[in-house]
Amino acid sequence: MSADRQAPAERPLLEMRDVARFFDVSPPWYQRLFGGGSRRVLRAVDGVDLDLPRGRTLSLVGESGCGKSTLARLAVGLYPLSRGSIRFDGMEMSVRDGSFAERRTRRRIQMIFQDPFASLNPRWRVARIIGEPIRVHEPGTGEAERRSRVRELLEMVGLDADAAARYPHQFSGGQRQRISIARALAARPDLLICDEPTSALDVSVQAQILNLMRELQEELGLTYLFISHDLSAVRFISDYVGVMYLGRLVEWGEAETLFRNPRHPYTRKLLESVPNLAEPGRARTPIAGEVPSPLSPPPGCHFNPRCPLAMAKCRTDTPGMVRTGPGGVRCFAVEEETATA
Amino acid sequence: MTRLLPFMLYRLGQGVLVMLVVAFISFSLFTHVGDPINNMLGEEVDETYREQLREDLGLNDPVPVRFIRFVGNAVQGEFGVSYRNSIPVAQLFGERLPATLELVFAAAVIALALGIPAGVYAAIHRSRPSAQVIQILSLIGISLPTFVTGILLIYVFSISLDLLPSFGRGEVVDLGWWSTGFLTASGLKALVLPAVTLALFQLTLIMRLVRSEMLEVLRTDYIRFARARGLPDRLIHFRHAVRNTLVPVITITGLQIGSLVAFAIITETVFQWPGMGLLFIQAVQFVDIPVMSAYLVLIAFFFVVINFIVDILYHAVDPRLSGTLSDGSGKGMP
Amino acid sequence: MTSQHPAGQARRLLRPVARLWQSDLVWSFRNTPYAVVSLALVLAIAVTALCAHWVAPHDPFDLASFNILDSELPPAWVEGGSPEFILGTDTQGRDVLSLIIYGARLSLLVGLASVVFGLVLGVGLGLLSGYVGGWVDALVMRTADVKLSFPAILVALLVNGVARGFLPPEMHGQIAIPVLIFSIGMSGWVHYARTVRGIVMVERRKEYVLAAQIVGRKGWEVALLHVLPNTMSPVTVIATINLATAILLEATLSFLGVGVPPTEPSLGTLIKVGSEYMFSGIWWVTAFPSLLLVVLVLAVNLLGDWLRDALNPNLQ
Amino acid sequence: MQWMRTTGLSALAVAGCLIAAPASSETLRFAASGDAASLDPYAYYTTFTSGFLQNVYEPLVRYDETLNFEPALAVEWERTSPTTWRFRLREGVTFHNGNPFTADDVVASLNRARAENSPYIVATSAISDVEKIDDHTVDIHLDGPYPVLLNDLAGVLILDREWMEANDTLRPVNPSKGEESYATTNANGTGPFMIESRRPDAETVFVVNPGWWDEPEHNLDRIVFTPIKSAATRVAALLSGEVDLIMEAPLHDLARIERTEGLKVLSGKDLRVMFLGLNQGAAELNASTVKGRNPLSDVRVRQAIYQAIDIDALNQKVLRGLATPTGILVAEEIQGYDAELAPRAAAHDADAARALLAEAGYPDGFDVGMDCPNDRYVNPDQVCQAIAAMLAKIGVDVNYTSSTKSIYYKKMLSGGADIYLFGWASTPQLDAYALLNSVMHSKDGSKRGKWNPGGYHNARLDELVEQIQVEIDMDKRQEMISEAFRLHKNDYGTIALYRQPLTWAAKQEIDALQLADNKIRLWWITKN
Amino acid sequence: MLEVRDIHVEVEIRRRRLKVIDGVSLSLARGETLGIVGESGAGKSMLGNAIAGMLEPPLHIAGGSVTLEGRRIDDLKGEELRAVRGRRIGMVFQDPLTSLNPLFSIGDQLVETITTRLGIGRAEARRRAIALLEATGLPDPAERLGHYPHQFSGGMRQRVVLALALCLDPVLVIADEPTTALDVSVQAQIIRLLDRLCREHGSAVILITHDMGVIAEATERVAVMYAGRIVEIGPTERVIRAPRHPYTRGLMASIPPIDRRPDRLAQIAGSMPRIGTVLPGCPFSPRCPSAVARCHEAIPALAGGNGHLAACWLDEAAS
């Protein structure tokens, strides 16, 4: 499903090509000048290719430091790209010209955050929070109309209309996450970037939010980019899954395939490390070692020091993405396997 | 050291910049303060001579010329000659600096030696009435302007009780160019009242700062964890908590020492303490421009030096700031 | 909106008041006796001072009204005192009670105005510095450093000197108070700027700020609408404590001769002038203004203390 | 001219120095508000510095206990021509370093005082040349007739030529050029005391000069001087017994000091006469809403102001009855004083004052600015505020500004003040001429009227002043001075107020002679 | 070994006494691992702190008792309480970074604990510390003793914390969300380590977590808490496979399965009542899908056999 062969109608809503984002984390200049330190670059996201079909959910999973949140923020335009391009509905998003068209397009991408306590301005009433996107994007809207929109949105996410008059601190975590969703929906988006929207919630509340998200997707035809480290939640919400490790996408594909038949050794290990409730008392097999610092990732394939299948090549060369069906995997071992097969 | 040294060099460069700016500000400001001529000469001197002197003093030159002359000289330690005393400013400062530094040092010692324990006490026993009394008493101490406190202390300790001298430095001993009052009984006695007066304000500030920082620290997980390990309170409070409290306290205290130098202006006036502050206020009244400019540059220099020391202390106290870089993956994404 | 029952309407209007009354802050206030007493004292002093014109038995600015022959009368209850001058008279024959009422007014005015000035400047710069970052931040913070190398007294002396130098001598009388406000305000802004900057650095990474950016707010809108209101609690605390410091600083400056003119005395000027009489037995000239100043500064400080504790979520 | 006063005989003086000083081992500790600016007698022209230094250095002619001239380093003098004076110098006098005092020292000293940078050029401007006749005789040549040479010379202290040469300080220094002078921090005079140690602004220790030519009347052997700027602290130092004597004791503390056992107040009349200057020459006042005319230009208004002031109340309350109200701007001790002019020009009478104002066209009064220094003179702020209150009672609304002296002078001298408090001591010459010339003569840009920023002008008075300058017949001169004063008084050119009080306080055991010029003469102090 | 009887924890806010823990009883045998699971606000951390005597004012024990090895420890004060902490009960907190004093090297913190509590010399204490760190799997323990907390990764820090908690050989370790702050891959390592170390030291463990997966993997018994009460307690496998309380059932059902993708997750309506909400009946009744009238009127007690107890009127055992 390469982009150029796609007919316009079936074109993915979001296309990422070789997306990279580097952060300069060098010591201060005087440190480099007098102490002989050198520039250091944190390659938070390094060459990610992804397509996100309209109306579907793509999840990104990985451990801390893998770059999934950075990728989410790149998609929503909070950071400029260091390399590559992101196209949204055919429009190049790396161009920031402040034009009307650009702003209109940006409106169509909204975001839900992880921390339900930090994502709502504590000094604002809910009505004002949810009304803000309307105020910004539809400045012509009258007071009464806005109020009724807010009420509609609140109902849509399962809250009472009288919630509008209250402040965020009067709500529980789950309710706040609903308010967050309502605010995102107020901009009438096509794409929702969800950055760990349930990881701060209790399971019972997580279930409510996940259900709500799926309902809304069906109802409004939303497209989700879902970021999480929780594989169970990902399994439930996703159509497609991408696995990231130290800034690189190591494997991606249809969720069903990936969960049933993980190809990359890291994906396999990750799946194994999830405790299985069906077999209580069974110890998981942990991955050896810890995630290395993203500041100094191992050369070659970043996973090689922890990989049971690592070969000499893995320590020097970086494997490319091998396409397998609607997806791909970056692993020399898998490459060889496919080649011999 | 690999990280400390460049940082120090950087701070040094910053310090030089700060001092240049201060030198410029102070100098250009003082060109507007007033006319020193009337103070140098009595009323009876006639105008031609005044004009002559004004010309001689270079007061008629354009400001930039005077500033460049000023900086050029200052770099060589030359601040000119005081209009008021006809003594080179450097020499004047040499005589006055020890007095002020000893006063400020004594005040800082008092403030720290009493402020830190009082703050720690007030934090540990937050709900005890005694701690609250300390809190309120400390506030009363700073609710009166310094000069009133000073005069009150003189009234009580010099006049009524006749215990301590009301003015001056007492006998001083010359150690090379440094004259110290620390080595004689009368010098030490003379130090008490001014040092206490000067320390009072800072004492309260430090006490309150230590208290609130300590309260924060006492709530941290590592203190809870230390408790959970059954470490004695003494160890938890005075080893773990106090040390963590000191990190922010160092900065503020450093800055406070700067204001000690400034508040010494008042204390020195009240107690006729022959230091920089008294010199400065007399210079202001006399429009003794060389002394005023040099004073401000010196204050800036103090500030730079204190900041420098604070930075070093910081590194000494907090291992996170020096030594090897973290090799863990604890660092989150920006 | 359908027609509403008047009582219901009243209840609706009162609801925010009731909510405020029930809020944690007010509850904490109601249950902290020293805070209540402090606020009562501050309000009493402020109201009395504000109504000085009606409350004070004499007008100390009406030169024609006082007589030099009435000077140095002790308080009414002391032998030689006159019931006309309850707290006695000063060396000019002015009524000490009226003086301290008017003095408190001026002190509060100078204190408040300089706090507001320092606050606006400091919060503005802190917001700018924290939100924009980069060289703007560096510039503001280095300026703050330079400012810190000149402690409050020096700044005030400098500003005062410069203002007097630049402005024609005729204006000196009128500029004294604005200059005082400016110089005390100047000495306080760094505290606000640093605090606000610190908070802004934290807040601007918070998700609600990101959300506002994604929603499409411009940078300055985000800073003003979202970030600024969330810096206000600590700023309020600093302002309270700063008010006490400002009142004291004003007194100190009048000791150095750059305070308010003695014809329109503030508490500080009164104490300064009075302190010269400390040994001479005319104690009431300095004792009463000092007492009022102590009460005022103490009350404001205690109020600040309470506020800081009440607004600190960790202490609850 | 005959030999003038030849009281202090040199023989006696020489004998005096041979007799051992009265047996004593007393230390005197005294304090004043400021320190001597320098030990160099020619560096600053201020009262305190010259008073301080005359305990170390001596002039040719000095004042006796009644402020009359008496021989010091000169034993006798005569005018040998209208423009030449001859001075016979005292023999057997040595400087503190042992050098003998000779005519060379006088020549070098007077030349130093007349040098380009010297503030003392004012006191020596009449001198055209100083000539050594022999080792103990000098001639002083003048530019023209000059009546007050002795008055000038009484202020010029004599230094040792060899010492000056050895220390490269033959001329006074210019501080702005970074010049330092040995003489600033070192002293070598012929006076009764020698400087043992000195830390400027902190402490100066004097010890007795055992070789002083005059007979000591003190019993001190050591004097410790400490400047204490804060008046309260100065009083505290006396009350706590840390000092024996303080100068400039604050008036309001005198009662307390007198009540204190073992202490006493020494009060007297200062030479300085305080007065109010009035901005009468300008077209408009600076700080008034009256525009288009200047109320103070009207003599009736000035008189009204004069009569509005209740000088006795002012004296009693603000100055504790220690001041001496006067109607003339010079003290009795000053050459040119006229007792006839001393009474007040008009009595305090608020009604009359109001009537005068109405007559002048200000029935409801007017507003006006007033400026006073707050760190010079005795209780200036209180005096001015009290006056402002008195003026308010006749409808003159005063905008009062008090400022530190440097700012005050700047504003006042530039004509920015409408009414200003000012004082004139007529020191060091103790002659009325300087006052007439600087304060009363109209401002002519250079030499005259320098301290007349109010713009008082009277053509006749100007003329008189110019004649007084050169008149050497003392009787005629006095007549002219009296006339000038009378004119000024009738014009209400300034509002004369009072002679400032002079207040010292000391321990009971201190006996000190206090002269009206407010200079401390340590050689007349005994401690029992 | 550990016996908690009807313990109540209250907090006084605005002079109102709010119940945080409302009559919890449980017991623990030597070497046993008990999980306490519940959602935030259920009171599970408070329970852990109450047992260890680590409640901070204004929280306090308002009733009931805690007995450890036959001695009551809930009413201990000062020195006696201190003697229990660390020595009898070790604790592990959630965030390994904030649990360690940043200004002291880990060696300092370990040696200090060992010397002050066990009264042995520094050299010996150092040897012990090294041995302990080695046992936690920290590489180069001797060298790393001089390192500061910020020089360690999250997983390594939690190993240090475990060493500190176990350095005094406590009979009971209370681990409060020890893995929540860690990556998934490290979580498993730490759980295994905790398990192994406690077995080696013979310590019983109370593992407090919100993560059913961790409970399933690491505990023998589990107590499910809801609104300050234990609603179900029993052998882990039984509780997970056959939950008896509707809350436990709802909780289990709301966890998305890893091996399939249902169309919808079972969800419990509403949210946990806020602290201080006083209900006459079962605290879960407002959210309970199968609540009957009785549920709203009276609070059910824990009941049931085979060590599997539930507090529900609808449970056969209870009724």
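Going in written order, the chains are labelled A, B, C, D and E, and every chain counts its residues from 1.
The criterion applied here is as follows: a contact is a pair of C-beta atoms (placed from the backbone, for glycine too) under 8 Å apart; a residue touches a chain by one contact, two chains touch by 3 or more.
For each chain, UniProt lists the protein as follows: A = Dipeptide ABC transporter ATP-binding protein; B, C = ABC transporter permease; D = ABC transporter substrate-binding protein; E = ABC transporter ATP-binding protein.
Being a predicted model, the structure only gives us computed values, none of them experimental.
Undergrad: In this assembly, which chains make contact with chain C and also with chain D?
TA: B
Undergrad: Can you check which chain pair, B-D or B-C, has more C-beta pairs in contact?
TA: If we tally the contacting C-beta pairs, B-D comes out ahead.
Undergrad: Centroid from C-alpha atoms only, then distance chain B to chain C, rounded to Å. What do you get?
TA: 25
Undergrad: Would you mind pulling out the distance in Å between where the CA atoms of chain D average out and where those of chain E do?
TA: 90
Undergrad: Between chain B and chain E, what is the separation of their C-alpha centroids in Å?
TA: 52
Undergrad: Quick one: report the Å distance separating chain A from chain C, using the average Cα coordinate of each chain.
TA: 50
Undergrad: Quick check on chain B: which residues sit in contact with 2+ other chains?
TA: 33-34, 151, 155, 159, 269, 284-285, 327-329
Undergrad: At which residue positions does chain E touch at least two other chains?
TA: Within chain E, residues 153-154, 156 contact more than one other chain.
Undergrad: Got the chain A residues that touch at least 2 other chains?
TA: Those would be 64, 290-291.
Undergrad: Contact residues on chain B for chain D in the complex?
TA: The touching residues are 33-36, 38-49, 52-53, 56-59, 73, 78, 80-88, 91-92, 95-96, 99, 151, 154-155, 158-159, 162, 165-169, 269-272, 274, 278-279, 282, 284-287, 290.
Undergrad: If you look only at chain B, which of its residues touch chain A in the complex?
TA: It is residues 2-3, 5-7, 9-10, 13, 327-329, 331-334 of chain B that touch chain A.
Undergrad: For chain D, which residues are in contact with chain B within the complex?
TA: 34, 37-38, 40, 43-47, 116-117, 119, 121-122, 173-181, 184-185, 199-203, 226-230, 232-234, 236-237, 239-242, 375, 404-407, 409-410, 413, 424, 434, 438, 445-447, 450-451
Undergrad: Can you check the complex and tell me which residues of chain B touch chain C?
TA: 14, 17-18, 21-22, 25-26, 29-34, 135-136, 139-140, 142-148, 151-152, 155, 159, 212, 215-216, 219, 255, 258-259, 261-263, 265-266, 269, 281, 284-285, 296, 299-300, 302-304, 307
Undergrad: Which residues of chain E touch chain B in their complex?
TA: 52, 54, 56, 82-87, 89-91, 93, 95, 97-105, 109, 112-113, 116-117, 148, 150-154, 156-157, 161, 164-165, 167-168
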